[in-house]
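Shared between the two complexes below is chain A, which has chain B as its partner in the first and chain C in the second.
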Partner chain A sequence: MNKLTFSIGGVHPNDNKRARECAIEVLPLPKTVYVSMAQHLGAPAKPIVAVGDFIKTGQVIAEPGGFISAFVHSPATGTVKSIAPRKDLAGNNVMHIEITVSEEEIWADGIDLSDTLVTEIPEDKAATLDKIKACGVVGLGGATFPTHVKLNPAPGSKAECLILNGAECEPYLTSDYRIMLERTKEIVVGAAIMQKVLGGCRCVIGIEENKPEAIEAMSKAVSELGYKDIKVQVLKKRYPQGGEKQLIDAVMKRQVKSGALPISVGAVVQNVATALAVYEAVQKNKPLITNTLTITGDCMPDNRQHNYLFRIGVPLSFIVDYAGGIPEQAAKMISGGPMMGRAIANLDAATVKGSSSVLFLSEGATRRKAESSCIRCGRCADACPMGLEPFLLHRLYKAGDVAELEKASAQDCIECGCCLYSCPANIPLLDRIRQAKGMALGAIKARAAAAKAAAEAAKAAAEAKK
Partner chain B sequence: MTNTILWTIVILTVLGLLLSLILFWVAKKFKVEEDPRIDEVEKVMPGANCGGCGFAGCRAFADAAVHAPNLDNNYCPVGGNEVMKKVADILGYQVTEKAPMVAVVRCNGSCQNRPVVNEYDGDMSCRVKAALYSGDTGCAFGCLGCGDCVNACQFGAISMNPETGLPVVDETKCTACGACAKACPKHVIEIRNAGTTPRNTRRVYVSCVNKDKGGVARKACTAACIGCGKCAKVCKFDAITIQDNLCYIDYAKCKACGQCVFECPTGAIHAVNFEPKKVEPKPVQPVEPVKKEAANE
Partner chain C sequence: MEKYLVSPNPHIHANVSTSKLMLDVCIALMPAIIVSVLYYGWSELLILGVSVVSCVLFEWAIAKFLMKREGHFCLSAAVVTGLLLAMNLPSTISWWIVMIGALVAIGVAKMSFGGLGQNVFNPAIVGRVFLLISFPAQMTDWTVPAGFIQNVDAVSGSTLLGMFNEGGLAAVANVDYLKTLFLNIGGSAGEISALALLAGWVFLLVRKVIKPWITLSIFATVAIIATIFNLCAPELYTDAAFNLLTGGLILGACFMATDYVTSPMTTVGGIIFGVGIGFIVMMIRYFGSYPEGMSFAILIMNCCVPLLNKWFHQRKYGYGRA
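Then we have the complex of A and B:
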């Protein structure tokens, strides 16, 4: 089969998928879980339970706080102990619902807990979307964008291709790989459901070539289940293949314009884990309260690598203790992949819907070298998958020139870290370009707000004249 | 040969005269009438171009001051009352004197008070650090210690104390332009009055911005304000308010009596420019004369 990839930039980090052979284990529940109210992109959810309430597993405990927001469900049976700010993994205060877990587990009504595969796709699109929304499904590829919003494109735009992201291009991570092997058919049914919701577009499941078993299993499941227009596409191993715009470029050979959404070129990208969540939501009525997480790292012994099915809200420290504690040589803990993940500043933080891994990296693998001067070698520009010039953005950021940053498309940065990875002078390019992106986006937003206010004022004036 | 030189001189002279006439005409025709007072005002300005007044530089300030109906909204914090008097003289306005201000670092999270719980390895910039996480210590509100304020100061008035890891303001150099307060992503630096009155430079402030509950704040930093409210109870001038587990002393109301300083269980309230204490352990003595003075005013 012809292997595809995106057209510009990218790097080839060693994939280090050390936990690939570890089957998914079910993580037990601790005595207390903490459910964050800000575990999706957009407005934080609003708690609808009170302290002292008894809640069942899978019960809604918070409702969306805006259009782009999501329902949050209880991951366990128990009583609400407190609703208070608690530190997230970056150490910032976020509202959490603390639940004391009771011994007996009672599931909320209407949730199908059986293992039987339901292959029949429901016809009613609106009802399916409602179910996805009610089950709190968000994109599990990293951005945690509410799935029901993404699957309901604005009127006038038509989805031509649903791309299922099974690239998992980040080194170390194996959770997507494991679910593709162990929950293969569910994922394919999930894809078919989304295909139906989007109005019967074609569907491409993109998987990188370093996961031949997953490619084989998925291809087999696709042909066995026999849904129309679903195919598995092998992708070359290259980072950041799983980036939304990169995946669209690889599969459809179309480029998403600056500031535009993927739907503008007829594409909708969903992660394989999201497809599984959609399957569980629509066919089993099961809300998003579990996800798969890899616990690995270069200093983690081989026998302590794990893939866990965890309840969302379990503290990271509990998972780490369950896996045998922090390895001795660990110098840095990262939540997410080593390229785009965030360092964990507070291990007591609770897991969220988007948690995909806990990585333990050794001193040698993470310690940054001393920064030296830019030698204008241009490696960062070669590596940038968005075609930006990181060295230029870096210089403009230092000068604080927001107008020029915008002209140089700082706002298009996807924060993949390829520039930082390739820089021989060890300049913390990503740290600074992330700031530059914020500045450029701030300027664009301010202008849009000013234009909106001016338009409204003009409208009001015109009405006053009448 | 001589002819060539002669012709060259003649042609160039005529050309020069002709062009100068055109330039003269253009200069007359397109002359921009500018208020001469702008230049005058600019001359008396400090010339720091720091932006502390809210304008792009000293000339922009002069331009705005000349065109404003009064000087109420235009004040040069760097030049202070002295410069503003000169400006008012030129423009024939009244100037309302403002109490001198100074930048105050509201964090006392030194290495002893606030143990470091993790290590930062990224770009040494408070702004970048603040975007990534809450900081090296358990306190999510305090100083990050990368020195963005030091870089922002054009007057060399802030430096990092290598022992505490906190910025220190040199009050003699600080012009209260506010650049450091703007640069601080944690809003730790506040521009406060330099003293209770222009003559008296004694002042009292809460050196903490932690809004966590008392226990959490105390766990992260021994010098944190725990919002216990003892200071507010003891204050006779209603100068202290508590919001989100954090005390704030309103400098407009504070008489710098210093009662709250002794009352604070964590030492989060700082007293500056008081006479050195005579009695070491529980110095109740200095409180009395201060109160008298406050009453006299």
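Then we have the complex of A and C:
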């Protein structure tokens, strides 16, 4: 089959998928779980339970705090111990609901816990969307954008292609790979459900070539289930293949304009794990309280690599202890992949819906080397998948030239890390471009606000004249 | 928790460094250097040694005592400048002239602009051109000393381009192109073997240290201009093969014009840069008073790099397709 890839930039890190052979294991529950109210993009959820309340597994404990927000459900049966700010993995205070877990698990009513595959796709789109929303499904590819919002494009825009993202281009991570092998048919049904909600557009499941077993399993499931217009597409192994904009470029040969949403070119991109969550929500009425996570790293012994099915709210430290503790040579702990993940500053932080890994990297693999002079080799510009010139953005940032930064499209940076990854002078390009992006976006927003204010003032003046 | 690093992404690195890239350039120069030492003998080894040691010494001293800032001294980059300077000099040159060349290359062309990455002009070429203007006689003395391998043409004492410049086409009528591929007659160390230089260039391409566009556009431009002139007036102008294989063209196109610091950042910019060099070098060769113009061509195009960088940018995502 013809392998597709994005057209600009990219890098080829060693994929190091050491946990690929580790089947998913169910992680037990600790005595206490901490459920974050900010585990999706958008407004934090508002708790609707009180301290002392007895709650069942899968029961709603918080409701959306805005249009772009999501329901949160209890990952365990037990008593609400406290509702208070607690530090997340970066050390920021976020409201958490602390639940003391009971011995006996009682599930909330109406949740189908059997593993019978339900392949019939419900016809009623509005009801399906409601179910997805009520089950708190968010994008599990990294951005945790509420799925029901993404599956309900603004009037006037039409989805032409649903792209299911099974690229998993980040090195080390294997959770998407494992669910594609072990929950294959459920994922395909989930894709068919989303396809239906989007009005019957075609669906392409993109998987990188380094996962031939997943490609084979998914292709087989697609042909066995026989839904219309779903196909598996092999992608080249190249980072960031799974970036939303890059995937659209690879699969549809279209590019999303700066500041526009994927739907503007007719694309909706959803992760394979999200498809699984959609399946469970719609067919099983099961809220999103579990996800799969890889515990791995270059300094993690082979026999301690795992893929866990975890409940949200479980502290990272519990998972690490369960897997045998922090490996001795670990110098950095990361939540997510080595290219875009976040360093863990607080191991007591609780897992959230979007947690995808706990990664341990050794000093040699991760310690940044001393910065030296730029030799203008242009490797950063060759690597940038957005076609930006990181060396230029870096220089403009140092000069504080916001107008030029905007012209050089600092606002389009996707923070994939390719520039810093490939810089022979170890210049912290992305660290500074992230700041530059903030400056450029700030200028754009300020201008939009000023234009709006001016328009309103003109309107008011026109009305006063009348 | 304090013992663990916390920093923003990415958390891994491609494991490339300036030193490693420069080391690759040194390795790529080795075939040509070995051929030149075999051909010119001890005197060539002395020039290489003096040039490299002086470049390293000057760079280190200026970085430490004049600039007083960390990070301005890069050993491997200084070694590359030293090797390239030596390869641009005739093998008969005195060691103290080499040292002056090294001082100008490092001190004037590189460090006074701010050191590694800041220079506008290729340091080795500035060094060579300074010597060419200051010591014209010594710099064009192409007498070939006794080398380690038998050389029957050792007496010629002039470069092919020099012969053409003085004696016209008749002087170079009986050139054996095959020989220029392996062992050229006369010229500076880096001009002896086209094949050895190209082998090094291919090594750099394979190691992804450089991209081929600048070099290829120079070759293409030189070939096209020479073919046109040669077809119009074969009795006046040398042909494409002669121009590609003689002088410092291959050395310049493969190793000097592709210098990161003094070449454009983008592929389109690089192609225009290469076409410019090819055009200027042919104009100097056909109509100039100097027999060879590679150094001047590269220096002139070096001036245009900031403009090329300003005018030609990468193809950005979301601005072209769809």
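Following the convention adopted for this analysis, the second predicted complex is superposed on the first by the 456 of 466 C-alpha atoms of A that agree within 3 Å, B and C clash if a C-alpha of one lies under 4 Å from a C-alpha of the other, contacts with A are read in each partner's own complex, and residues count from 1 in each chain.
Here, contacts are C-beta pairs under 8 Å (C-beta built on N, C-alpha and C of every residue); 3 or more make two chains touch, one makes a residue touch a chain.
Source: prediction; values computed, not measured.
Trainee: Pick one for A:256: touches chain B only (first), chain C only (second), both, or neither.
Mentor: second
Trainee: Counting touched residues of chain A, say whether chain B or chain C comes out ahead.
Mentor: Between chain B and chain C, C touches the greater number of residues in chain A.
Trainee: Looking at A:434 after the superposition, I want to know if it touches chain B, chain C, both of them or none. Which is it: first, second, both, neither?
Mentor: both
Trainee: Between chain B and chain C, whom does A:361 touch in the aligned arrangement: first, second, both, or neither?
Mentor: It touches chain C, and chain B stays clear.
Trainee: When the two structures are overlaid on chain A, which partner does A:422 contact: first (chain B), second (chain C), both, or neither?
Mentor: It touches chain C, and chain B stays clear.
Trainee: Thinking of the overlay built on chain A, is A:93 touched by chain B (first), by chain C (second), by both, or by neither?
Mentor: Touch status of A:93: first partner only.
Trainee: Is A:334 in contact with chain B, with chain C, with both, or with neither (first, second, both, neither)?
Mentor: second
Trainee: Can A:265 be said to touch chain B (first), chain C (second), both, or neither?
Mentor: second
Trainee: What is the contact status of A:369 with respect to chain B (first) and chain C (second): first, second, both, or neither?
Mentor: second
Trainee: Go through chain A and flag every residue that touches chain B in one model and chain C in the other.
Mentor: 332, 342-343, 345-346, 366-368, 431, 434
Trainee: Quick check on the complex: what are the chain A residues that touch chain C?
Mentor: Going by the criterion above, the answer is residues 7-8, 11, 13, 171, 245, 249, 253-258, 260, 265, 330-334, 338-347, 359, 361, 365-379, 381, 384-389, 391, 409, 412, 415-418, 420-426, 430-431, 434.
Trainee: Spell out the residues on chain C that touch chain A in their complex, using ranges where they run on.
Mentor: Touching chain A: residues 1, 4-14, 16-18, 20-21, 71-72, 74, 77, 115-118, 260-261, 265-266, 313-322 of chain C.
Trainee: Mind listing the chain B positions that touch chain A in their complex?
Mentor: 117-118, 121-123, 125, 127-128, 131-135, 138, 140, 212
Trainee: Given the complex with chain B, which residues does chain A contribute to the contact?
Mentor: 87, 90-93, 332, 342-343, 345-346, 366-368, 428, 431-432, 434-435, 438
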